[in-house]
Amino acid sequence: MSLEHDPRYAVNLNELYKQVLMDHFARPRNKGRLDEADFTVHLENPTCGDTIEVQLKVRDGRVEDVRWQGHGCSISMASASMTTQAIKGKTLAEAAQFLSRCRAMIKGEPGDYKELGELQALSGVAKFPVRVKCATLAWNAVEEGLKRVQP
Amino acid sequence: MSLEHDPRYAVNLNELYKQVLMDHFARPRNKGRLDEADFTVHLENPTCGDTIEVQLKVRDGRVEDVRWQGHGCSISMASASMTTQAIKGKTLAEAAQFLSRCRAMIKGEPGDYKELGELQALSGVAKFPVRVKCATLAWNAVEEGLKRVQP
Amino acid sequence: MNVERIRQDFPILAQLVNGKPLVYLDNAATTQKPRQVIDAIRRYYEEYNANVHRSIHTLGERATAAYEEARAKVAAFIDAPEPATCIFVRNASEGLNLVAYSYGMQVLRPGDEILLSPLEHHSNLVPWQLVARRTGARLRFMPMHPDGTLDLERLPRVLTERTRIVAVAHASNTLGAILPVKAITEAAHAVGAVVVVDGAQSVPHMPVSVRELDVDFLAFSGHKMMGPMGIGVLYGKRELLERMDPFLGGGEMIRSVTYEESTWNDLPWKFEAGTPNVEGAVGLAAAIDYINEVVGGVANIQRHEHDLVQYAMRRLREAFPEIRIYGPEENRAGILAFTFGDLHPHDVATVLDSEGVAIRAGHHCTMPLHREVLQVVATNRASFYVYNTREDVDRLVEALGKVKEFFSHVA
Amino acid sequence: MNVERIRQDFPILAQLVNGKPLVYLDNAATTQKPRQVIDAIRRYYEEYNANVHRSIHTLGERATAAYEEARAKVAAFIDAPEPATCIFVRNASEGLNLVAYSYGMQVLRPGDEILLSPLEHHSNLVPWQLVARRTGARLRFMPMHPDGTLDLERLPRVLTERTRIVAVAHASNTLGAILPVKAITEAAHAVGAVVVVDGAQSVPHMPVSVRELDVDFLAFSGHKMMGPMGIGVLYGKRELLERMDPFLGGGEMIRSVTYEESTWNDLPWKFEAGTPNVEGAVGLAAAIDYINEVVGGVANIQRHEHDLVQYAMRRLREAFPEIRIYGPEENRAGILAFTFGDLHPHDVATVLDSEGVAIRAGHHCTMPLHREVLQVVATNRASFYVYNTREDVDRLVEALGKVKEFFSHVA
């Protein structure tokens, strides 16, 4: 099938760059460093050299606080902002479960992702395999941090 | 061009297996070993594992005697028989020159190869790159021997 | 499976060669391609050719998706647990060299042993000779019966706790013998050795499950299963691939590079340096689709070849008392090596070619097997695939008659 | 050279992408293929596909002839003294790794130095890091001016008699800078070092003579010069190739094999283990024919790209004060890396793609150059080839206007 007739690869900018995503990009939440982090994870996107650092503070099996910093495109930065916002306050198990739902969504698995809240703004990324790596960079870092808490 | 219309690759058995060639194959000349060889060269055809051994006896800059033995197909065996026959009695320079004319012929270079005598029977091999290696096995061995005489 | 309909898909088979309809019996060397594969290649270049993994544009996204979908198809075809364990290489040879360089160089120490079968193709022998020379390890060879079947009873003599690597063909490209890989794997794992399987002649011809066989590595070539040239696969168990050093260095296989040092990308990309052969992967995926959808699965190929090879053995023996056929009578792939009286295989092949029948003549890259076991320098080899027919066998028999006649006159 | 007529030969360029006519500006990553190349591949599979070198049948003879004729064409294209000095590999990356493994591992001793430029592609950096780690040799880097041109005056500080290997790109895939290979070769040979040139971005874009440059090794990729994927070339001087150990072991690269050891085939086959990519070689030969016959020679490509890149630099700077273009002003290949204000290259590339304009965004496999020299993580890169036009540049400028507009609204 020629590209012109393959809707899978059509770019709809407004679907990809949803308003909420651009808002997080313009006004990132939880950006910065913690004074006393329990776990610090540093990751890198081999496609473009973008980097991210995520810090977690865990109390009684819950993500008490989380901060991130890094350089990257709007999608990776917005993803870090939304993701840290979403897992703050969750138990470790809840956070891990939340991220595995995020992954299902970005793999394009059909289903209802309402519980992901703002993160649903990333569903448009599923169509772009290369950009998927941007969206998942922060998730990889958080998951790596959760693994270190409970190895 | 499809094969049916490409005369370059037509197999004419009688052109490839000329009568004189089959005669040398059936009744090989100079086959055996010398009692006192000056130079012995052993070579191998990587395509099929065929082997040849050529022995030279050189006196006053002339190929006084030459023998060969080995295993191989009709073309490689006939080539060894005809080639050893042709160079016997030649000076080293004449023998080297003779072989370089043989090579020109088998590369398909146009020209008159009457001076090669019986060896002209191998001209039909030029069309078959893989069989060329059969025809040249004995030549390689003789040339290697000539090189050792006059390094 | 309708062979006559399948043959319609292969434009090359409809040719005259030397004025006779082509009978192609050199399938162990390389197979022909159905128009579905040729069209997939054309479509790739006409519609979505791009470099993969790093291109943020529509062509690049589509090429990347096609490349990774091809990997998933390959993984399903050999029942690999996940696509990431399937590395795209050029051919079986490169896959085997990758294991020898990256795994062999890392684990082998002086005195360690590498155990091979005596019927290995040079591509599963020479890399181990090279790595043995560099590491001080030693090659040993399995005991075999003369027909090319493994002597399992005497295996424990050579498979010991000094054995670090066992490298065997799943099917011999000369004898057609199918090796008992499952039994070898069990015995090898019991002494802590890792098993490298050369699947060049098995994956295209019969169902192969890396999980069921429990092999540690498996290499094969796309061009021997109706895929394009220049693409092959190395499967490896994840825990082994992860522990291994990379093989080739370059673009795509890195995570991070500074002037001084680098860290490696995740599987499978850690082993795929430079621009991969996306066309080749797309074509191989089309070949797998062809096997699954048009042929109805690789088991159909196996059944069909079994019929052809049994028919050929019977016909050849009936027609020519001077024929000598190598390899086992049963449990063999569609490969038939033979000698024909005293005639040199080159001469046999040339006369067959003049009759439009293409076979192979030579040592088939198993020189030591020929010299030490078969005790001949070269053999003729006819090898079958899904598009061959009993009529092809009849044409072979007929053409061998011409060979006999021709050489009885001239020589 | 008639670009409009040339464009007719590229079916892929006639597409709409996201509703807009495709503007393909990712040629440094991979190039598109003219129908002449696509047809050559199709014809190969429809008419004479076979394994090479060992097949005594008509298909095999014809495939072998085509494969070796392709080698002769490649040799003529880079002015190599003889076809046997041109080895077919998968891509430039494999060619460079071949030299690192076979030559580097053989000659390097602890304390020896490998001298690179700071703008090398990972494929001409990581293999040397790997070989340095294994041999105890050390990497050093040439002094450069900030625009990516070499500081020849300070070269003697790092090019000493400890230098055994000098490895440089002929043209930078990020900066477009063309390196003075001839001067480097002379200086290197004066201290007894061997010069390995990465020609991935030069051979497709300008006349290259290995004899005139007197390089010892040169690697390049077919897919970057309108040839198929999965085929590349390593040229090497005969005396070096002959002295080197083989790289991959397997079929075709041997002369004789016993169970214990092997001897090697003549050049070039000594370095070509396993079934080669005959299709790739045939396709590459068709691409060379296209360059010579339709394009009128590679010098026409060079002139055309020079015009396009100069036009693009002027137009972009006029239109966008916030654009920053990297690399030298003159003497550059048709490659243009830039940053666009504060916008991340991924975001720029995505919006351009929605306008049908395909560029690349990232580190282009030159991470250390980006970090240490350019001091940015990633750049945008537009790169040209023979089928691009000034209108393509205009479309890029127009689309960048849309990028600016889009992000001024949403962010």
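Going in written order, the chains are labelled A, B, C and D, and every chain counts its residues from 1.
Just so it is clear, a contact is a pair of C-beta atoms (placed from the backbone, for glycine too) under 8 Å apart; a residue touches a chain by one contact, two chains touch by 3 or more.
All figures in this text were calculated on a predicted structure; none of them were measured in a lab.
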item	value
A-D compared against B-D, more contacting pairs	A-D
Most remote chain, CA-based centroid, reference being chain C	A
Geometric centre distance via CA averages, chain C-chain B, whole Å	36
Rounded Å distance between chain B and chain D, as computed from the means of their C-alpha atoms	43
Distance from the mean Cα position of chain B to that of chain A, given in whole angstrom	73
Chain D, residues touching no fewer than two other chains	15, 17-18, 22, 46-48, 54-56, 58-60, 254, 256, 346, 350, 353, 361-362, 367, 371
Residue numbers of chain A (touch at least two other chains)	2-3, 11, 47-49, 128, 131
Contact set on chain C toward chain D in their complex	11-12, 15, 17-18, 22, 24, 26, 29-30, 32-33, 37-38, 41-42, 45-51, 54-60, 90-94, 96-97, 100-101, 118, 121-123, 125-130, 139, 141, 221, 223, 228-231, 246, 248-254, 256-262, 273-280, 346, 349-350, 352-353, 357-362, 365, 367-368, 371-372
Chain C residues touching chain A - in the complex, by the definition given at the top	47-48, 53-56, 58-62, 64-65, 68, 254-256, 265
Residues of chain B that touch chain D when the two form their complex	1-3, 6, 8-9, 11, 44, 46-49, 127-131
Chain D-facing residues of chain A, complex	2-4, 10-13, 16-17, 19, 22, 25-26, 47-51, 71-75, 128, 131, 134
Chain D to chain A touching residues, read off their complex	15-19, 22, 344-347, 350-351, 353-354, 361-363, 367, 370-371, 377-378, 406, 410-411
